[in-house]
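Two complexes follow with chain A in common, the first pairing it with chain B and the second with chain C.
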Partner chain A sequence: MPHRGIHPRRVVPKTGRSSMSTASNEPPAEVKPKSAEKAQDTPATTPAPTNGEPQAQGEKAAPPAAPKLSNAELKAKAKAEKQARRAQAKAAQNAAPGGGSTPTSAGQSGPQVTEPKGNKAKGKPDGGRPADSGATGKAVGSKGSIPAPLPKPEGLIPECFSHLSMAKRLPITQADKDVHPTVLAIGQKMAIFGIDESIARLEATLLAFKKVIESYTTPPGNTLARHLTPHVLNPQIEYLSACRPMCFSMGNAIRWLKLQVSKIDPDVPDSEAKKLLCSSIDAFIQERIKFADVVITEKAADCVQDKSVVLVYGRSSLVEASLLLAHSKGKKFDVIIIDDPSEQKGQILAKTLIEKGIRVTYSGDFGALQSHVELANIVLLGSEGMFSNGALYGRAGTCDVAIAAKDHGKQVYTLCETINITERVSTDSLTFNEIHPDHCSSKSFRLLYDTTPSDYLSIVITEISSAQPTSVSYLLRKLEDSN
Partner chain B sequence: MSTQKGGYTPSLEKFLDGLKSRPVQASVDLLVSLLKRRQIKGSEACATATAHILLQIVARDKWTNVDQLLGRIQLIGRKLVAAQPHELATGNIVRRILGLIRDEASEDRNDATTDSLRPASPPVPVPSQTSSPQKPVRPPALASIGSFARTQSMFNLLSDPNVFPSTGSNTSTPGQVSGASTPILNPQATNVSALRSEVIDGIQEIMDEIKMVDEQVQTYADIFIHTGDYILVYQPSRMVQKFLARAASKRKFTVFLVVDPSSAIDADNQYASLFKSMVSSGSNVITILNAGLMAYMSRVDKVILGARAITAQGGVVVDAGAAAIARAARERRRSVIVLGGVYKLSPECKLLPESQIEWGDPSKYVRFADGSLVSHVKVKNAVSEFLPADHVDTYVTNLGAHAQENLHTIITDHYKEEDIKFELYGKAQR
Partner chain C sequence: MQRIVATYHRLLADDPELTMPMATIEALIEALGASSATTVFETMKLVEGQSERLRESPQVANPMAVCHGSDFFKQYLVRELRQLPSSAGAASKDQQFEEIRQHLLRNARLFATRAKESREQIASEGRLLIPDNSTILTHGGSRVVSMLLGRAAERVNGSLPRRFKVIYAISESRRAESERAVATLREKGIRVAIIPEGGVAHIMQQVNIVIVGAEVITAQGGIISRLGTYQIAKLAKIDRKPFYVAAEQHKLGQTFPTSQFNYGVPAFKQDLLDFQSNKSPNGNVANGLTADEKRAIEVQSANPVDFTPPDLITNFICDHGIKSTVAMEHQVIDMFVS
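Let's look at the complex of A and B:
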């Protein structure tokens, strides 16, 4: 994926899928499970000391090893522990980069990752983890349970958007000790939007999980099918969604992966089971991502007529690939790029296109949108997801472009891999959305996505079909049947 | 206003400061070049500049009858409009002043019952020598506009003994201004000078109106903004900011302030006073950095936009990007309120929406250092665009709130039929 331009705002460390291989090869040196544990410890209500604590408050609670403790003593001890933790959490926050988002992060993973080391082998309740709840995240739920709320006035999310999720940018030091180094790395990349597109995040996640599975050995007395998901996969998933709320495709894929794990016969030896899982992940990536992209690009390129004008919004790798493919098929067409002034990713696309000799008109904002749309013949939109009612979940601004296109009677083609389709339903953009972690105060605020109702989309191109957006729910059912 | 204080950048203030020291023609040429280079831009600045320059023409040019004056103003008006054809306010002021002159002239005709202002009347000698007793000094007018020194200096200029070498009549009683009460002199000259002062007064009134618009419009704020509302504003002008601040003094609501991300850094300074007044009264301001606003529309109750110009049909010229917002608001059935002074209400009826898109500086998003983009990509950056009438619910001017159907009435109240027909844009639109 050749893009040479440097993002003007943020230094992005190698965007796109290509970055995966490098990410997974180098184990990050700064993994410190111990300190990580300390920072986001158990809530004070659990009297059992965790492993991290003794160092933390060795001086404070003088007789930690006292054989018998009265209730009052226990309480006092718990209190002291709590204070120590608070102090630590504070220190961690101060040290942590990206200030504003951290206050919640300490508390965020707290309730979920409470399990002290000792309990490890004994199973713990798993079921209702919000891990695969996708973009809905858990901002609201966890907020209430923050043990040490230290909200800085700067970092407050405006009240009317408090239900939306936001990338927490969990620092590596606060990650659960069980998080695999590869996952740590991609989590950080996702947190800073180094891996941004839904499908790229999905691929990175799956590849990382493959690494996790490869390095896994079932402890004696357990079966892989029972042990892998709650004790190994879930911490990874929690960490990833703490770094940034998961997108729909990740939620879908993780559900699929858990299903595969649970299907494994307990009698199958470890190595074989792992091989089986890895190969099914590979097949999944091949089928649902790689092959899907090829098919969709092919179909989309066919939609681009010779001597036509194509309008696109921002930069989506699928749209980019489609345009390049159409060009390589010998079609002559112009491209109008409408860009989001805060992201300016359209400039990267513009550079890629002009390199191939495609004529490009670039508009940096939504000024005179109607007149731009009027000049176009078709509109190609990328997507972050599709709801089962046919609404498109796309980059903020997509809806405005689609509305303008509809006003002028232009065809709007949406490119979407089926893995991005969720069974959820959304009618407005504030049901599911994500807040940009750099802009989450009243001083500056930015939503990352919006929802385009199906009325404004002409055709949704997936690897299975090109159809009306309302037929997405049928697609979904078809996919479930085939699984 | 984009005019800057200090430095050497030409601005409206500097232009006005130097106005009376320059010959009229030089001022006209300077203004034309300032408008062309967009060193004076924005409807308020353009309207003020136009009013001032036309006042100079009325006051200092040598004209001997109404038609001569009308012709002169039309000529200058065309030049000014051609210099910045997207700014409808310039043309509006020109037309208002033309109408004003016609009004005053017809009154004078009735009053004096002379035929002195016949269209075909031959040029008469410069009235300056003879008209000294009827100094256009009008204390009542002065009192009403005493707040700004510049206009006073206009009067000083008119009463300048060099221009009007008079003898002591400067102190003559102020009541004797109307043409009827003048001493017996050359009736034509008398009328000319009386007309001159009447027209000058009229122009002063227009300038006052422009100045007062913000205050007058904001009095309607609490009618439209209610407690608990979510109000979306887009790059609010001073008028919109004042409107919000006024409403905030009575009610608590939330403002979604949409700013231009490329200028988000200095957005704080730009809207500092708005933040201050809003927060101090308990209202909320949320600065939004999105370009597409559809995502927020389910939360927004009202969209308030500042107009650059309003056409008779109800279309509005707005900052680029506002049309997409209004369209999104329409989608969710949110009401769109447009604020603008009556002087922005343009009788121009031959406007095409496309022609009202003003394309501006492309370096806003693509820097010139970015060679590959600069040389191969057609970069377009709109500055203003046209918002069709059906995307607007209410227009609030200094006269109150209007429905789209009422705009015609206001136009007929403020403009004369013959001036509406007058092709100001002939040159500009080719």
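Let's look at the complex of A and C:
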């Protein structure tokens, strides 16, 4: 069996000590001035998939420094100073009422989890995606009990993995004052993996940004096209990517949104411009998420044949919807669920399918993977993203399943909305990845994703066309041409 | 109303050179002429309905070819509509559309003529692929391949005839068709040997290149072709012989077969497996099928096809040149995604 594409799901660093010692000298995360954190942040974020941030910082630095300074370095310095001042003021404020750490930890565990929920109901009029109903409730409950102040994570990860980003559990109190409450809420939810799937995060983000735009008024002397992005949207984006590194779809959509804002004619009155933006966000959600999901589900359901056995990995809402649709079309098929032992979302899928009367074989880990694959006719995989060289960015473990399927000559179908396709290229699992904040020690840490090379995939089903994975870049170009 | 189906079969019978997607297009144009549709919407609906009727008809041997033909035609109509100046009102747009319709009806044969021209084009492209003193393996009754080989044996614009031999794999069930093709080639002075399909692996060592035709080019750059093509492609792959497909571009389409038993077209019901024993002489002729479904299985299984995936195909010989399978896939995306 070829091991070319297998990637470590648990990376054990060998040189953890030296970086540890430097880390322990640093102040704990919550009282640390923001500037220091920013400085640490920048090297990590530049290669990581959080686009828009470096640019955002640059733009944000412009206003205070503009009149007297021309040099870019001076600008950055002035900005850092300003942020340090602000952070210090904030830290002092925190310390004043009841001691340094108590309010933050309190805010982190119980109340903080419930508070965003209240906000969220207000923020998301449609009641959120049905997909994360049962799953989130459980996840939130279990994770809420975890002791809040995480150790400074960067210190634990050896330097060679320091480019990998991690969700941060940024307390609300540390957020920029410009961050909209709705965005605060979804940021917290993303940080605790309450909203987890790429497409769900994208939808939540867009709906929140709609709220942000609705509550926005252009200050006198500014135009919406020039003011909205740097002063209002960028702080939201910064905050969201601090809570959890942005996924590819969010990056794509935010780039699109900024373009739409920049296109607004300065002569158009505020209310009209806002209406225009909101309706184009709605259209975007409708077209690239809702409609895309309908089309992909339909196509994937057609691929499931009568009297066949489908093997799936973990739980993806697209795969779940496809299986349910195929079942409702009257097809008889069995499902084998291979689950990630550290997430066990597949159990939720198993329950849903069994309720509908689909026969399910559940395997909690990769034991007997080979023989399960042998029994299957096709493999259906969900995806977190797709690189333009046709590699699949999916839940850790996806690659192992795909390789096993290829070995046995089974067809591997990948379901992916085009918004999840990035123009980046990746051949390994360590260029882009994310570390799970709860499973991160100096001895080992858990990676959330892996990359499956295109050789192990048969077909990518997107809303515009089913294609071989290597044609994904062509689809992307086609999309750009038509927009 | 089964008129469209009758027209389709009449067109195919009248002109043995006509391909199935082209016959579909011509039948649709004829249906358009007979109808009284005047608006864009009515016309599209008519085309939609007629092509569905044709596709679902149990008399049609290859519903995938119908699919591709009608998709191609619809796409053509849409493209024509898009080119209309959008400034004009809806009423004048319909009027302009009427002009397109009239133009279509007047030039109904144009599609077919162009298709035949493209066959010539393929012949001149493919000529250069034939190595000197080579042996070519082919099978089936493809008209494109016959023309390609025939032209290659002629002197064209001063370039000398190619020197080559042909091995023709013949299947028992379609002997007459193959023998006709062999006779035509021999008439042109090409040396042709005949072997049964079971002998392909045996003679593969002697073969330099394989050239076959196709009924349909699928969206991922594979082909649907006469039963046996897949087998030859696999054997050619094992012996590392180049496997070329000569096919016109109008055979391209959006169908996406995923395996030998799932061609992605519900109307396609080919079923070659008839398990029988002396105790159950009726085999698996399933009960509960409607008469139409039984008829469809019968018709389609009489002209069986198989699917050759793109990784077994070296290149396509097309009217626009020699194209890789990926290029064909991109062409499908170009045609239908905009």
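Convention: the second predicted complex is superposed on the first by the 323 of 483 C-alpha atoms of A that agree within 3 Å, B and C clash if a C-alpha of one lies under 4 Å from a C-alpha of the other, contacts with A are read in each partner's own complex, and residues count from 1 in each chain.
Everything below uses one rule, namely that contacts are C-beta pairs under 8 Å (C-beta built on N, C-alpha and C of every residue); 3 or more make two chains touch, one makes a residue touch a chain.
Owing to the predicted nature of the structure, the values given are computational and were not obtained by experimental measurement.
Annotation: superposed three-chain arrangement on chain A; chain B versus chain C shows no clash, the two fitting side by side.
Applying the stated contact rule after C-alpha superposition, one finds that A:L325 touches neither chain B nor chain C.
By the document's definition of touching, neither partner reaches A:A225: not chain B, not chain C.
Look at A:V268: by the touch rule set out above, it reaches neither chain B nor chain C. In the overlay built on the shared chain, the residue A:V295 is in contact with neither chain B nor chain C. In the superposition on chain A, contact of A:C278 is made with neither chain B nor chain C. In the superposed pair of complexes, A:Q305 makes contact with chain C only, with no contact to chain B.
With both structures placed on the common chain, the touch criterion links A:S429 to chain B but leaves chain C unconnected. Contact comparison for chain A: of chain B and chain C, B touches the greater number of residues.
Touch criterion met: A:Q411 reaches chain C, while chain B stays clear of it. Minimum Cα separation between chain B and chain C in the superposed model: 21 Å.
Those residues of chain A whose C-beta lies close enough to touch chain C in the complex are 302-303, 305, 378, 411, 413, 458-459, 464-468, 470-471, 474-475, 478, 482. Considering their complex, residues 158, 160, 339-342, 344, 347, 350-351, 354-355, 359-372, 396-401, 403-404, 407, 428-430, 433, 436, 439, 442-447, 449-452 of chain A touch chain B.
Taken in their complex, chain C has these residues touching chain A: 219-221, 254, 256, 258-259, 261-262, 264, 310, 326, 329-330, 332-334, 336-338. Those residues of chain B lying in contact with chain A across their complex are 230, 254, 260-262, 264, 268, 284-299, 320-321, 323-324, 327-328, 331, 354, 357, 359, 364-366, 370, 372-373, 376-383, 385.
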